[in-house]
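Okay, handing you the structure first.
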Amino acid sequence: MTMSGFRERPSRVTIAALATGVLALAVAPWVLNEFLLSLALTCLMYAGLAVSWAMFSGATNYLSLATAAFFGIGAYVTALGYESLTYPVSVFLGGLAASAFAAIVGVAILHLRGAYFAVLTFGLGELVRHAITFVEKKYSGTVGRVLTETPEAATVYLTVLVVALAAVAVCVAVRSSRFGLALAGIGADEQRAQTLGVNTRLVKIGGFALSAFFAGALGAAMAVRWTYIDPPAVFNPFIGFQTVLIAMVGGAQTVAGPLVASIVFSLLTELLRLQFPYLFLIILGTLLILLVLYLPGGIASLWTRKRAGKRDG
Amino acid sequence: MSLSLRWKALAVALLVAAGANAFAQDAPVRIGYAIARTGPWATGAQVSQEPNYIMWADQVNAAGGLNVKGKKRKVELVGYDDRSETETVVRTYEKLMTSDKVDLILPPWGTGANFAVLPLITKHGYPMLAPTATGRKLLQLKSPYFFALLQQPDVMMDALAEYLAARSTKTVAFIHVDELFGLEQASALEASLKEKKIQIVAKKSYPMGVKDLQPVLNEMKSLNPDAFVSLSYPPDTFLVTGQSKAIAFNPKVFYAAVGTAFPVYRDKMGAMVEGVMGLGTWNPKSSPAAKAYFDAHVAKFKKEPDRWASAHAWAGLQILQQAVEKAGVDRKAVRDYIAANEFDTVIGKIRFKGGENISTPGVVSQWQSGEFEVVWPPQRSTSASLYPKPAFK
Amino acid sequence: MGFWLELAASGLITGGIYAVVAMGLNLQYGLMRIMNISHGEFLMVGAYLTWWAQTILQVNPLVFLPVVALMLFVLGLLVYRLCFRPIARTAANAEVVEARSLLVAFGLMFIVQNLAYLVWGADLRGYTFLSDSVEIGGARFGANRLLVFGFALAASLALLAALKFTLFGKAVRAMMQSPTGAQLVGIDTAVLHPAVFGAGIALAGVAGALLSMVYEISPSMGEPYTVTALIVITLGGLGSAGGCLAGGLLLGLVEAFGMHFTSPSLKMLLSYGVFILVLLARPRGLFAR
Amino acid sequence: MAEPVLRAEEVSVHFGGLVAVDCVSLEVGSRELVGMIGPNGAGKTTLFHTLSGVLAPTSGRLVVAGENLTGRGAHIYARSGVARTFQTPRVFAAMSAEENVRFGLEFAGRSRTHAHDAFDNAASILGFLGLADSAGIPAGELTPAKQRLLEIGMALGARPKLLLLDEVAAGLTEGEVELAAALIRRVRDELGLAVIWIEHAVRVLMKSVERVVVLHQGRMIADGAPQDVARDPAVVEAYLGGEAGGEA
Amino acid sequence: MSAALSIRGLSAGYGPIAVLQGIDIEAAAGRLTVIVGPNGAGKTTLLKAVSGLIPREGEVLLDGARLSGSPASIVRRGLGHVPEGRQLFAQMSVLETLQLGAWLLPRGERSARLDEVLAAFPKLAERRNQLAGTMSGGEQQMLAVGRALMNRPRMMMLDEPSLGLAPKMIEELLKIVLRIRDSGTTVLLVEQNVAKALAIAEFAYVVERGRVVLGGSAKEVLASEEVRTAYLGTV
């Protein structure tokens, strides 16, 4: 009884809708053309990144900009293990490597708060990028790796789908678990949570590492699309920024918010990019500002507000 | 409506469709590309690459269209912004090839982006003539559809070493950026110098994004080398030039790689560029064709093309045009034609072997009174080299 | 000048440039909690305006500096009015201001950067200014770099003094520590708040103008400068004018000496390493209060 | 005598040069209700921070239920049976009142049992506090007075042996303070907890507890029955002022 | 100099939540008027609305002239407000805080006023260089009062100044409040310490659920049966 979720559980209708959605996503490679599939892939990548980011950062209010670092570490695992590992294995190892990295640095930096944490996590990404450049150059005389034979588009898509779905599933499970309650408590008032018996340090490290796993796995999965992997390409800070942007626009305290936002944002960006080649970023920027000013709770507030209305009525 | 009437309507519809199809023979040739209009790659892409695409399409259309095996068809460019993101590059070319089904493609900007589309052009059979991709690693992928127009690092560095040897240079100090380009150039330079028995007195590398190189330059200056070579990207090229001037580091030869060929280098650095050497291939004096290209570019965009990759981009378009004239828009035929023949271009004759441009020799250029003169090899030079380089002004 | 002094001077000058880059953001984020991630874009606008004035109108960039400051200040007021005032008014606490301003500034970043592409194109730009070198005790430095360093020093000290000693500066600090308290002593925060934000944008513009004398410029130049600014102000301690200068100088010195003692390749590793170590030892920056 | 619930031995806390708590020793036995008074800045809240593990003492020892917990994290104290409230209510604003109480039950209270059925679940704890009606309301929307009650509820969720209450009656009118005092007595009498209660409403406090400790400038200057403490000249001088004579 | 404050039909709240509904209150010139009421009745909201810290409907008159909605101009008119939670500048010294209190005074008068206030609060003078955030609660409350006094207000509003203070400190504070009143400044005091407040006030209002339920002389209010049972806790 005490293990029951602290948030509402999804209704049967939601579950049915989700199941249909997942099925539709799974058959996509045989239905969509290459471009649409690749668009779906982008949506899934950001969905996985944003949902797993929100799982930790949304709940705890620790604004992490380390996503680019985790993503890059994952991608580099693929690059390094490319010849010896199968694709799924390197995706899994990419996640593990990012997770291990997050756990190790988490021990050192998770006592920092606010902007200091944010900028430090960003700095970490840069640190890793330059460290890899340096080490790679020192031991192989060059930087970057060329992946000659890469998996089929459908394989990549299905792999990313699995990782993204796993991210969503884990995030949902975490939210209705004690672990998720602890994370939420840390976000609301860390010290209060500790005085109520939460080992906040351990929970934070765990949450950080868990969320890093998905970013790392996604990096490892996506890397094969780019043939040539070098630090500037895979430690692109913009991937991290965009993830934060999507999660926050969606409503980082929810699961569905970042999920919906990643799809809306990716599709909208693509649509505008293709339709208004020279103006799309201006339009996108304006929309973003309007959204923040007029929908301060994020996209998720569209339905959470409705639900609150129902409760009042 | 009677049944027969419906059949008639259908027949009419089919006829119209067939007519449209027949008309489509003269439909424009659709040529697609993705290129950076925003983001960090845009500076390179919008100087050396996309303006050429636009100017070429305009010129071809003004002349009545592209000659496709004797038939004139208009060119329609389908260009998208890739936002300087590799994943967007891949996605956009997938769209161009599978959704838009363009007839031909033009390459994106930069080595990384070219790497990323390589599997796609191979899979879908689109020939691609790349003006801003360098590196042996690209060629080692052996895509039959990939053609690199730029001289490879070893070719360029051999030319530099030859020039240095011709001036009986004894010692060289060099720096390079820690990135694929810089590393390949550096190892090529090292090999060439070793072969010419020129001593390397100092070699340092630095990461991208550096804002100060004065301490390194001071160190190099104290070794008093005959030549200094900076295998750098534009921001660092500017930085190295300015700071070398500041500390009065005046070797007999001062060479900086990417960026020296940009007109903005001259505009930004002013008189201090006099005598600076760098990566370049041509200038308006190289040939009448080059002059015509230069003038057209200035007339259209109110800005000069750079003296390096711009002309390669234009040459690529010329090659494509010639290939289409002979082989049509059958991409396999176009590829085979490009692979098998020699072409006349703005930078001279070009022939490919294994996707590499083996005709354009390595070139050394040097700023002299506001023009980036070709000074090596002698048969290509537009001016004698200033040697030793005058002290920075 | 001895070799070491020259190395130190070189580092300090670069550090001064970092400090100039960070000053505006330090007002906005350090003091006001407005996470203006489009800081670098306004810096870029300042750089372009100066370049424009120099190449088209042949105006001396130094003469144009106050004009840039004024133009950007007005632009800042406008941006504040349109984008940040609604946030400052409705947000419940500083954390909400921070989060929402971050998103709005993202939007601004897209808009400003792309307007620059539309107006000025993507090409690298630049002009020659004060490129001659100045000799100080045997060592030589670019005059334009020295100018930026001098400005960094003067502006940081002026800002420090203004915030610390003038009543106006105290009012600014007071407003950030307790907006209600400030209102109740009669400080018109509805005027002062936008003014400080505008001053932040103006400082970004001035930094851009100064940088355009040294480095080449392009519409995408902003993001790395935003990152530099964030690192400098967190290193120094948010909101501290002295910390901002010290943070910048420290980074510059680390780079110069690091480059000499190890390899220039390790430069970035060293600066990020020092940044991380400092924050681990002093979680609120060097000059935390 | 049985092992005390809490034993603080010569606890000191220094902040730089400032001595906030100066060599305080204190024992609290089970079911004891102890009032703690002292002027602002006397170190009461700092002492609470050390007793609950939020702050490690600079020197001294803390023994909870016979176990030395000096230097351990606050969660260990909570799990060992020490629960507390804060001076300004620190409820989880976005969670419902029920979830707030359940938080303690899920963590510190999870491995502990308590005989009284008020501790069964969040609903029974809310019922005990008279907050049953507010169960579903986000804590941030409750009135300040109810938030203070909810803070106690969160602490009770930890199923503690010792409850540390920091100014639960601040901002209440005298009438409301009496009700709060009655509740605190019930916590001790019915639930059987030991309680240390900081409050400035001296009159009500003195009436409700059987033992008072007085802190002044970090030192414990008195520890005894309320009537004795109220007459202690040091206490009158430092804390009570003119009020003492009239009240006693 | 003294002022009279008239609040007529004042309504205010936070967003959609209405807290005050048509409040009418008069604060007589040169007198001490106290407002009591249970927690959450809207007393703090009332003072915030008068000061313009939150939007309001209805009329607020100071000496017969309407007060605008802008806090800065209200302070300029001579209304001082010692707010709930003190709202001090934690990182500023006592001296700096008081200097800021003189923000609206003519430049030439500032230092003289500073000396006056420091003379009135010897404890603050002793700690002039200490940061506000590091002082004890009682000292902070004194500083908040001193800061408001710097502007030579004609009228002072104090929001629960005794909150969380030791008995001894409360007495000292109330003495300060009386001294302010005796200097001719009109005082409006919100206080949960009902017995003590009513003992020193001339007029009193009881506010419950956003409305005035009782008002009159302090003696009358003290005598009321409801007040005795609901607020004084002694039957």
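Side notes on the structure shown:
Letters are used for the chains, namely A, B, C, D and E, taken in the order the chains are written, and counting of residues starts over at 1 for each.
As a convention for this text, contacts are C-beta pairs under 8 Å (C-beta built on N, C-alpha and C of every residue); 3 or more make two chains touch, one makes a residue touch a chain.
From a predicted model like this one, the values you see are computed outputs, not experimental measurements.
Counted as hops between touching chains, the shortest connection from subunit C to subunit D is 2. Distance from the centre of subunit E peaks at B, each centre being the average of the chain's Cα atoms.
Computed centre separation for the pair subunit D/subunit E is 31 angstrom, with centres defined by C-alpha atoms.
Distance between chain centres (mean CA atoms), subunit A to subunit D: 42 Å. Note on chain placement: the centre of subunit A and the centre of subunit E lie 51 Å apart, centres being C-alpha means.
Multi-chain contact residues of subunit C, defined as those touching 2 or more other chains: 113-114, 117, 265, 268.
The multi-chain contact residues of subunit A, meaning those touching 2 or more other chains, are 130, 133-134, 137, 278, 281. Among the residues of subunit D, none is found touching two or more other chains. If you check each pair of chains against the touch rule, the ones that pass are A-B, A-C, A-D, B-C, C-E, D-E. Residue ranges on subunit D touching subunit E, taken from their complex, read 37-41, 87, 143-145, 167, 170-178, 200, 202, 204, 238-243. By the touch criterion given at the top, residues 36-40, 135-139, 160, 163-172, 192-195, 229-234 of subunit E touch subunit D in their complex. Only residues 167, 170-171, 173-174, 177-178, 180-190, 289 of subunit C touch subunit E when the two sit together in their complex. The touching residues of subunit B, counted against subunit A in their complex, run 37-38, 79-81, 83, 85-88, 90-91, 94-95, 97-99, 111-112, 115-116, 118-119, 137, 140-141, 178-180, 183-184, 187, 205, 207-208.
Listed in rising order, the residues of subunit A touching subunit B in the complex are 33-39, 41-42, 45, 130, 133-134, 137, 141-144, 146, 148, 150, 222, 225-228, 230, 232-233, 236, 238, 270, 273-274, 277-278, 280-281.
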